[in-house]
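Take a look at these structures.
Below are two complexes that have chain A in common, paired first with chain B and then with chain C.
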Partner chain A sequence: MQTVLSIAIDAFAYGMALFIICIGLSLTMGLMRVVNLAHGAFAMIAGYIASYAARDLGLGYAVAIFLAIIGTVVISIPLERLLYRRIYGRPELTQVLMTIGITFCIIGITNYFFGPTLKTIPLPGSLSQPVDVGFKTIAAHRLFVMACGIVVAGGLWYLIEKTDFGIKLRATVDNAAMADALGVRTQVVYAVSFAIAIGLAALGGVVGAEFLPIEPYYALRYMVTFLVVVSVGGAGSIPGAVAACLLLGAVDTTGRYLMPEFGNFFFYAAVIAIVCVFPRGFFGRAQ
Partner chain B sequence: MKVSNAILGAAIGALLAGSAMADTIKVGIIGPFSGPFALQGKNFQAGVEAYMALNGKSVKGHDIEVIYRDLPAANPAQSRALAQELVVKEKVQYLGGVYFTPDAMAITPLLKQANTPLVIFNAATSAIMTQSPLVVRTSFTTAQTTSPLGKIATERGVKKVISAVSDYGPGVDAEAAFKKAFEAAGGQVVEAIRMPLNTTDFSPIMQRVRDSGAEAVFAFLPSGPTTLGFVKAYNETGLKQAGIKFFAPGDLTQESDLPALGDGAVGLLTTFHYAVSHDSPENKKFVEAATKAVGGADQLSFPSVGAYDGMHVIYKMIEATDGKQDAQKAVDAVKGLAWTSPRGPVSIDAETRHITENIYLREVVKGPDGKTTNKEIQTFPNQKDPGLATQ
Partner chain C sequence: MQVVAQAQRVASPSDVGNRWLRDAIGLALIIAAGLAGYWLFPDNLALLTRVIAVALLVLSLDLITGYCGVASLGQASLFGAGAYAAGIACVNGVTEPLTLIVIGSVAGAVAGLLMGTIMLRAHGLAQLVLSIAIVQLFHEAANKASAYTGGSDGLAGLTVSPLFGLFEFDLWGQTAYLFGLALLVVVFVALKFIVSSPFGMLCRGIKQDPIRIRAMGSFVFPVLLKMFVISGAVAGMGGALAAISTQVVGLDSVSFELSANALVMLVLGGLGSLYGALVGTVIFMGFEHIVSAINPFHWMTMVGALLIAVVLAAPGGLSGVLETLAGSARRSKGGRS
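So, the complex of A and B:
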């Protein structure tokens, strides 16, 4: 029982870390219809900024997270205006090629400026100590990641379902021409949602750095994992992404505990099964 | 027509003779100079440049020219093609480098035909040496660096160990080598876990370590991001406080990863053939020269010393053959060769052509400047490769 509980809590933490990074990608793919393979690259940029702020400048963890999100969004704005805007509504292949090109460029640039070694983001004392939760000792940082995941999921759901901006966003996504005619500034809506997606990638990159360490090949190393979460959950769906992260986190963690020799067999077996039964993912919208 | 042909022939002959007389001996080095393993390739280059800076760029009047070829990830077919190109087009007389075992294996069948020796700077599987009599290795094998851990673990009162290794060739080698040495010393491996190479969250593994009831964990993971996650999980899941000891070969705490591992690494015990902190005049000189070449003290790591000693072997080969291309003579000349390397006294085993060297037990300690280093606390002198001894 104790083992089951501790696997469950590990799975939950891992799932939430995945969720924070992937939800932004899910939004760009589902709502904006852009296959943004450079999503992980933005998470990586944020990790580098946070690492630089916390390790080299000696700033606090909260400040580092804040700077990382702002910095990454600032970097992404010209990219959105100059590059992404050209591929909205284009065929997927064009989008894939463009964004994978951006990924490689970002990898090259970070490698050049920050060097090929691993970068860590020093945690504040309160987050780095192990916490005894009764049946198991876990890192306080994991609890923090879980809390962040829950807050992000709730906040996004509120933003999209309950606010004015959410209504405009959904209208733009469903029929951009009509929304434009009705006075919604669709370019602004796109830009803002892109910025939100990138901001979430940045947050995920920083708080998830303990699970997925920051190094120059981060963007490529975890690309498949990110895409799997989005495809299993259904692009653009928040509950879908939550469900996918929790389920895949649980399958992966349990598989690794019980039968590590099988490698990622269980993870991908689950993905195949789910995609067979739900071709659009758990909560995917019909196109 | 005939005359012009004859002139042309003479001209070509003169050209060929001329190029031989220009007397530049080319050494081709294959390594990962770009891509995810670029740091290790950079260390190859640092070792080579450090050696040439300290020992001159010519041997007996023959100038040495080094030609680098980039092989970003393990790719046997490309490795073979690069070696072929180096031999045929660039006319190198010596091949060196090679980070991954499969790449080295792919080159060995060419050596005899090309009349070229291969000096391996890293690739660490025992079996490479049996593939061709023209291979010499100046790095280490996983069995060589791991075996002393068996004795160390029992000396520290550990009877039951769980092993956790990455599920690929070197990981399996490490698992086998540790098991053999530890059981020979009277210990028992209670469980052997093989972890997928792309694992990022190690807490389920730590839970298994805890549930197994072992007193220590033996780990092997390739240096880089994975080791960071593993060491963090070891600390965070409370295994360290619970008194479960940690043993690993030195790949886990290579110097370039130490800043990222931070305080979590303090107290880890690893065995390896080289620590940047090794206290000897030879190493001081080496570290100074290699740091200059690699571009930063925190980037210097173990492949640099394999490359440095590899260059030493190549220089000795050139000396023995006096610039002529004779692979067998070159290899025979370095059999039994002994010298003082930055890592300590070493020699090339005449039978296996693999390096005999000291293996050190190191503990990660925190210096007064807050930086962590591998401190050598025990020496196992003149270790051969046990992996080859059994074959």
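So, the complex of A and C:
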């Protein structure tokens, strides 16, 4: 029973960390139709900034997260202007090639400036101690990750479904030319959605650093995981991403707990089974 | 439309002659480049043999991605299947190199059948993800079945008997290289026939408009599956060649990285052209070799910059650039006459 509970809690926290990173990718792929394989690279950049701010400058955890998000978005703006804007609407393979190129460049540069070592982000005292939740004690950090995941999911749902910007975004996605003709500034909508996606990647990279440690090859190592999660959930769908993250997090964590020697075997077996049954993902839209 | 146009082009007899001439010249160029490599870089024959093995992988990827429009990031599972099959056979006493190549290509074909059956169920992004999941499963399976595959240590110490009982596989890799080059030429000619056959035309038609092909009365799935099997056989040959020439089979031969690199090489060279696959492989591997020799720290940055430059400057790949140049030259010549 105790094992089942720990697996469930770990799986939920891991799933939520995955969700925060992947939902940004899901938005770029489902709404903007860009297969952004460099998404993990932005999460990695955020991790480095947070690590630098918290460890070398001695700033607080909250400040470090804030700086990481702002810094990553600032870095991503020129990339969006110069590179991404040229691959909107181009064939998938071209986008894959370009974004793999960007990932390689970021990895190489990170490796050059910060070295190949693992970077840690020190947790504040309030997050590193265990918390008693009645039936079990849980690391406070895990609770924090879960809370972040829930807030992100709710916030995004509200943003896309209920706000003015959400309406413009959905209009732009459905028919960019028509939205443009109706006075929606589609370039601005694209830029803002891209910035939101990158900001979420940054948040996820920092918050999830306990599960997915920050190192130079982070972007490449987890690229596949992120892509898989998004396509299992269905690109552009928030409930789909939640479901996919929770399910795949559960499969992965259970596999690692019970049969660690099989590595990722169960994860990918589950992916094949799911994609065969739901080719568009759980809640994917017909394209 | 293009399918019809191509069919009409085939019908014209003078064009058929032209095409034969062009293919003969192309083949001569490949052989010449291969032999030039043999004379110019006698110390790097192991690397050049590796290039040939990977070129077979990229050619096989071109068959399904360039000619059928099925993108795959899992092609290394076919390469790895061939490499492991040849390696295991070799450890168990089958040491004749040609037999090993046949074993590798059969194993690759079987893996291709399996992979195609799974991958063709989905489309677009889901298909790409399925291919990734398949290569990761192969990787874990190869890692887990260490009794047969040596796990993470790999299979080492494969001793291959002399080719035709005459030519020893020497330390400098001369035999392995020439053997690989001959294999590449034979495969290339066979693939040239396959892609210009009615079956190859049908594949291109499916790439452009599967619904229309279905409406014309062809079944799409079996055609694509057949191409997957052919592609698996070619990739498996590449894997077997790698196993024979390096005498080691490691987990890296069935890795996602190898698949991703193969796709990058193919797009770099140009999709849907067998020459493009070869050119892309040679340029990418050469570039990687040179950059990592100059500064091993920077090769990733440089390769990344190369990829971005290709997307920005030559979206159709390098063979696309050549074709555009050739096209404009032909147009200007046509204008004058």
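Miscellaneous remarks
We take it that the second predicted complex is superposed on the first by the 281 of 287 C-alpha atoms of A that agree within 3 Å, B and C clash if a C-alpha of one lies under 4 Å from a C-alpha of the other, contacts with A are read in each partner's own complex, and residues count from 1 in each chain.
In the analysis below, a contact is a pair of C-beta atoms (placed from the backbone, for glycine too) under 8 Å apart; a residue touches a chain by one contact, two chains touch by 3 or more.
Small disclaimer: the values here were computed from a predicted structure and weren't measured.
Of the two partner chains, chain C is the only one that A:V275 touches; chain B does not reach it.
By the document's definition of touching, neither partner reaches A:F114: not chain B, not chain C. Of the two partner chains placed around the shared chain by superposition, chain B and chain C are both touched by A:E261. Look at A:A139: by the touch rule set out above, it reaches chain B but stays clear of chain C.
In the superposition on chain A, A:W157 makes contact with neither chain B nor chain C.
Of the two partner chains placed by the overlay, neither chain B nor chain C lies in contact with A:F165. In the overlay built on the shared chain, the residue A:F66 is in contact with neither chain B nor chain C. After overlaying the two complexes on the shared chain, residue contacts for A:I102 are found with chain C alone; chain B is out of touch.
By the touch criterion stated above, A:T253 is placed in contact with chain B alone, chain C being left untouched. Overlap of the chain B and chain C interfaces on chain A comprises residues 111, 261, 263-264. Note for the complex: chain B touches chain A at residues 35-36, 38-39, 42, 167, 193-201, 203-205, 207-208, 211, 224-225, 228-229, 232, 235-238, 241, 256-257, 259-260, 262, 296, 298-299. Chain contact summary for the complex, chain A toward chain C: residues 29, 35, 83, 86-87, 90, 92-94, 96-98, 100-109, 111-112, 220, 224, 227-228, 231-232, 235, 261-265, 267-269, 271-272, 275-276, 279-281, 287. Per the touch definition, chain A reaches chain B in the complex via residues 3, 6-7, 10, 13-14, 111, 115-120, 122, 130, 132, 136-139, 141-142, 210-213, 215-217, 221-222, 252-254, 256-257, 260-261, 263-264. On the side of chain C, the complex with chain A involves touching residues 65, 71, 118, 121-126, 128-130, 132-134, 136-137, 140-141, 143-144, 256-257, 260, 263-264, 267-268, 271, 297-308, 310-312, 315.
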